[in-house]
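In what follows, chain A forms one complex with chain B and a second complex with chain C.
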Partner chain A sequence: MSPLHFSFYSAFTFSSLGLAFHRTHLISALLCLESMMLSMFIPLSIWPVENQTPSFALVPILMLAFSACETGTGLAMLVASARTHGSDHLHNLNLLQC
Partner chain B sequence: MTYFVIFLGICFMLGVLAVASNPSPYYGVVGLVVASVMGCGWLVSLGVSFVSLALFLVYLGGMLVVFVYSVSLAADPYPEAWGDWRVVGYGLGFVLVVWMGVVLGGLVDFWKVGVVTVDGGGVSFARLDFSGVAVFYSCGVGLFLVAGWGLLLALFVVLELVRGLSRGAIRAV
Partner chain C sequence: MNPHAKLICTVSLIMGTSITISSNHWILAWTGLEINTLAIIPLISKSHHPRAIEATIKYFLTQSTASALILFSSMTNAWSTGQWDITQLNHPTSCLMLTMAIAIKLGLVPFHFWFPEVLQGSSLITALLLSTLMKLPPITLLLLTSQSLNTTLLTLLAISSTLIGGWMGLNQTQTRKILAFSSISHLGWMIMIISYNPQLTILTFILYTIMTSTVFLSLAQIKVLKLSTLLISWTKTPMLNATVMLTLLSLAGLPPLTGFMPKWLIIQELTKQEMTPMATIITMLSLLSLFFYLRLAYHSTITLPPNSSNHMKLWRTNKTLNTPTAILTALSTTLLPLSPLIITML
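Here is the complex of A and B:
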């Protein structure tokens, strides 16, 4: 594996581990989702260069558009949580009472 | 030049590690900005400057600015930066996991460097990424309309989520 491939592969692994082992804030979990998206955007942009297929350059732009939707929805949930519970701490989201 | 691009790749990884070790969100955004700047520099070194600029404009200029505004909802009385032992512990734990994966997966054959740049072959009249994204408007126009419709729908989703006044999401009752 070339060092650059290892770099975005491990970046994706770090951010998914950071999402799994989140601590207090909902927004730091959302930031880890953003870094997962970034670490997928970079290899999707490198793919058309490596394989010299220009039409694949569309895919990272489309991914950016849908990731903007996801970011907006995540931040709206953050605002809703801050409105209801007063903060975005994850231990407040505890409707499951068992 | 090779070592500069490898340095950009390493800084990309370190920036994402700075986000993943879950410091206080004020500092996590810094890590994300550093990671996206390094990623854009890496893409420019390959020659695909259009997707790099699209990343800068949409991601840094659009999404991260909104994130930085929303971080104000996550106020900590004592924000933890990367000097705190908990954050450093998480970061070292993630590095250990990836290192174990590399060692056990047998990825030790590490120093093959080499990637084609954007002028490697084909017609050099229109750059690779420009002509690729132009397909979005000519052959992929259905996908363009679907993506635009999805973005409009996301606007209404956000409106419904933050409606408040006893009709919003995440109610405590």
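Here is the complex of A and C:
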């Protein structure tokens, strides 16, 4: 695997590990989600340059648009959790236990 | 909910599902999945109850992670093979990551923890949408890539899903959680057969959708959220309690009802593929879920007249005619004699 691919791989992996092991705040989970999307944006931007396919050039924009929508939704959920549970602490989300 | 917002959400759900199931390119498939996630979030959280908000947050986090993993697995495959075709996913790491991502999306074990809680926090109709419509795009992606996926991993996921779905449903009293665990075990059956005969996965999914829709719509009509309500709900619509019993037994997979068809055909196919121990194991494990289906069926009919209980009965509803529920009930109990036709048409 080339060093470039390795760096993209490890960026995504560390972000997803950060998402899996978030402990206190919902906002840190949302930040890790954003960084996962960012670590996928850069390879997608390099792809049309590397493969000389200009038809693919709009795909990173599309991906960024959808991930921005998703982040907006995540922030709306953060505000909603602050309204209903009082904070964004994850150990407050325990109303639905088995 | 505001009718305009509801319309936008419903149309976006249908559009997102259509985009994913008709796409050949991974980016378009990911787009459809994202549209689906974004569209169902307002539907889950519309009541603004703390439980609904909590369910929405859990749903959002898991589904976004899974979508990002799907996109990353397709990107890894594109680095090594140079193309983004969904059916040509050949890189082994990509296949592994895709299987895990779809397991998160569907709620297969060991990524099932969000599913009962999200169903519990949403209304019955939204729970129906979450169990049936939102499962269709991930299953489609799995069907398209099923040739290159690791069979051992899929079998492991399937058997553990049936085990956990059956075992954890035993201690539940909330009907939405019971239906969540039933959904997990049915998904286990679907994933079991996907690498041997994908047509059977499609059949199982269609029949599971029909039966689950029947149960959810019937329960929504009598507004049953827990087992104790089911005991006293016969005053609302006595016929519905009898048909709920039949539909639940059909979900359990008892002949001569429809639910027996997918299980029978899957066991037959597994035996043909020399996987008889697996067939035995998965059949035995579905006995666990039979127990809680029987308990639900028992509760819905045991207090029908002339046996009654001393509980305060529920008042009658105005609306007694519900055509979709009636059609789906007929389909979910009487389709077994048509199985030669259905197998030929697959």
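Rule of thumb we're sticking to: the second predicted complex is superposed on the first by the 97 of 98 C-alpha atoms of A that agree within 3 Å, B and C clash if a C-alpha of one lies under 4 Å from a C-alpha of the other, contacts with A are read in each partner's own complex, and residues count from 1 in each chain.
As a working rule, a residue touches a chain if its C-beta (ideal position, glycine included) is under 8 Å from a C-beta of that chain, and two chains touch if they have at least 3 such contacts.
Please read all numbers here as calculations on a predicted model, not as lab measurements.
Trainee: Scan A:10 for contacts with chain B and chain C and give back first, second, both or neither.
Mentor: first
Trainee: Of the partners chain B and chain C, which touch A:25 in the superposed model: first, second, both, neither?
Mentor: In the superposed model, A:25 contacts chain B only, not chain C.
Trainee: So in the superposed three-chain picture, is A:40 touching just chain B, just chain C, both, or none of them (first/second/both/neither)?
Mentor: second
Trainee: For the overlaid complexes, name the partner, chain B or chain C, with more touching residues on chain A.
Mentor: Between chain B and chain C, the winner on chain A residue contacts is B.
Trainee: Tell me which partner A:69 touches in the superposition: chain B (first), chain C (second), both or neither.
Mentor: Once the two structures are laid over each other on A, A:69 reaches both partners.
Trainee: In the overlaid three-chain picture, which partner chain does A:77 touch, first (chain B) or second (chain C), both, or neither?
Mentor: both
Trainee: Touch test for A:85: chain B only (first), chain C only (second), both, or neither?
Mentor: So A:85 meets both chain B and chain C here.
Trainee: So, A:96: does it touch chain B (first), chain C (second), both, or neither?
Mentor: second
Trainee: Taking the two structures together, which residues of chain A meet both chain B and chain C?
Mentor: 19, 26, 62, 66, 69, 73, 77, 80-81, 83-85, 93
Trainee: Which residues of chain C touch chain A in their complex?
Mentor: 27, 30-31, 34-35, 37-38, 41, 45, 48-51, 53-58, 60-61, 64-65, 68-69, 71-72, 75-76, 78-79, 82, 116-117, 120-121, 168, 171-172, 177
Trainee: So in the complex, which bits of chain B are touching chain A?
Mentor: 5-6, 9-10, 12-13, 16-17, 19-25, 28-29, 31-32, 35-36, 39, 42-43, 46-48, 50-52, 54-55, 58-59, 62-64, 66-67, 70-71, 73-75, 86, 90, 93-94, 97-98, 101-102, 107, 109-118, 120-122, 128-129, 131-133, 135-136, 140, 143, 147, 150-151, 153-155, 157-158, 161-162, 164, 168-172
Trainee: Which part of chain A faces chain C closely enough to touch in the complex?
Mentor: The contact residues of chain A facing chain C are 5, 9, 12, 16, 19, 26, 29, 33, 36-37, 40, 43-44, 47, 51, 59, 62-63, 66, 69-70, 73-74, 77, 80-81, 83-85, 93, 95-98.
Trainee: With touch defined as at the start, can you tell me which chain A residues reach chain B in the complex?
Mentor: Chain A residues touching chain B: 1-4, 6-8, 10-11, 13-15, 17-19, 21-23, 25-28, 30-32, 34-35, 38-39, 41-42, 45-46, 48-50, 52, 54-58, 60-62, 64-69, 71-73, 75-85, 87-88, 93.
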